[in-house]
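The two complexes that follow have subunit A in common; it is paired with subunit B in the first and with subunit C in the second.
The block that comes next holds the complex of A and B.
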């Protein structure tokens, strides 16, 4: 019999197939590392599966916003989102990075006009998905260190 | 193909046929640029030149181009004298200039400023340099100068020499020259090489640039030697700067090894990278290149403002 390492959740979201070691960054995206959470969050690191190592995050009583899903897609493009109601998976989908990203990550170029108090949201287009390359719509530079520049 | 109403932020905004259209018209503009013919093509139009950073050639040539075509110019070259000094955002300044003019030319110290200006402006915006970013009209006038001098750019050997890492003009020039089918050499001191991204871009477009640290390697074969300034501030050690700058100087001894038809270009201002003795030789093309900024900008503005299709 398969042993459950973490108990199932009644309502909420399970984020599966997170890239190995990226679960803590997912928590940061979801703001769960700052405010005291009111609901249980389970984090399972370095799960060995058929496709290699992965992380899993289970969020009780929470569904993700579109911006959060896009940010997770940036750091873990293979992640899947499972929406749970009454212990059942009612919806399952893989995160999908849109062709253009607005307001979810800031430009890593300190000299870019978007970092200087102008009334504009940072905007990037996906130049390549594998390897992931984002280019700033304004200064046209490649975005360095995506996970440190999430908004 | 049409250029009417378009913003010009990066040279990549233009296709080869559009660049050829601008250059063909620029040739027709030369007599007007020299004051030998009068034109009222842009009579009643207003150009706003917003220069947040110092400029001599670019600003003067845009203004001369507009006035030669009968238009008028408003603007500033010292942001301290404008509302920017009071903390106004670029976006608000652009909204204001947009309502006072038919075309905005912007130079700004931060990358991406021209794209932002284009977002906020109803009238077209031309980028006259944004930080270490793009300067597309310099690229256009460089292409025009080469095409006029050699008849065609295709198959010609063009060597870019100097600070290829930080030099604003050479990245977009390398890409544009590739679009026109030139053979490229990149010559720079160690540490100031062409960025890997630009090399990758030109390779993707079909070029196979020759990369070296020695101008002697290629001088006998090149058609155009495009020289850029090696900036003192890029070196921690002044002695090292002097050594590098000395080994990259274009002088009579070097030109003795070049083809007679070889021409030297430079976006100016120069410091010591081209010896003054070169000025009086047939190799020197840089002053003509600086003049060409006027007819090229005349052609570009006439097309963008829709005075000519």
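The block that comes next holds the complex of A and C.
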């Protein structure tokens, strides 16, 4: 089955060390579950690596926006971003969750000012990183189900 | 990025020539969007082949059930199924939609006998293959949105 090998990408981004089972949520963050990609995109689920199971996403001709990287950090804090140009990794970094998140996740409290149609963007503090706990800047509600509340 | 190549699978199934943009629906048919796979699974979206754009899904250590093949035929009639053992293709066939579909899709008519809690399995005739038109055996309703009504 040589013809079905996935060849390395020429230009684009490889998101590696995604937490096992989270790759489809990464596709959702990138908007690719609603609108299929227009360039080749590979998703490899449940890869056995040296540090256990992981997922990988390879995006041809695409670089990530800062908001997308922050959302990936929320659901997969060990992920690494590899930027590829001419088949070479020109930049490699681990995602890093900032201390404050603005416009990345929404508050689960329906009465929070951010959910009442006012021009107030959702804002969270990272209260703890491991386990990950986010706290709303406006109503102090702790956010439990992060992946369902991504904006 | 050689270490990120997807190697050929040892045992399992390659679903090739999936209609462009439909690979995630194939994952849904296989139940892998709700429950992540426990073996390596690769999804390659928007591959430029000789006949235009296609998607590919590679499933390590998995063979498809007949119902799954019929559901794939509904959303991707040109798909081919390659069964792999010891890195060799031991069987290759194109999906084929049967003339009658029982228990594969549900009727969109809420008053159809198959939607009233009776012990009657949904049954459809394939009225036309190109474009694909299904007709309910019980209420004659034509099914328009097939991919949203897969069982």
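Throughout what follows, the second predicted complex is superposed on the first by the 146 of 151 C-alpha atoms of A that agree within 3 Å, B and C clash if a C-alpha of one lies under 4 Å from a C-alpha of the other, contacts with A are read in each partner's own complex, and residues count from 1 in each chain.
Here, contacts are C-beta pairs under 8 Å (C-beta built on N, C-alpha and C of every residue); 3 or more make two chains touch, one makes a residue touch a chain.
For clarity, every value in this text was computed on a predicted model and none was experimentally measured.
*Asks:* Once chain A of both complexes is superposed, is A:42 in touch with subunit B (first), subunit C (second), both, or neither?
*Replies:* Touch status of A:42: second partner only.
*Asks:* Based on the superposed arrangement, let me know which partner A:24 touches: subunit B (first), subunit C (second), both, or neither?
*Replies:* second
*Asks:* Touch test for A:16: subunit B only (first), subunit C only (second), both, or neither?
*Replies:* After superposition on chain A, A:16 lies in contact with subunit C alone.
*Asks:* With the two structures laid over each other on chain A, which partner does A:58 touch: subunit B (first), subunit C (second), both, or neither?
*Replies:* second
*Asks:* Quick one: subunit B or subunit C, who's touching more of subunit A?
*Replies:* C
*Asks:* Tell me which partner A:139 touches in the superposition: subunit B (first), subunit C (second), both or neither.
*Replies:* Only subunit B; A:139 stays clear of subunit C.
*Asks:* Please give the residue numbers of subunit A that touch subunit B in the complex, ascending.
*Replies:* Touch list, subunit A to subunit B: 107, 109, 111-114, 116-120, 136-142.
*Asks:* State the interface residues of subunit B toward subunit A in the complex, per the touch definition above.
*Replies:* 10, 89-91, 108, 110-113, 115-116, 119, 130-134, 197
*Asks:* Provide the residue numbers of subunit C that touch subunit A in the complex, in ascending order.
*Replies:* Going through subunit C, the ones touching subunit A are 1-2, 4-9, 14, 16, 20-21, 24, 27, 32-33, 36-48, 56, 58, 82, 84, 87, 89.
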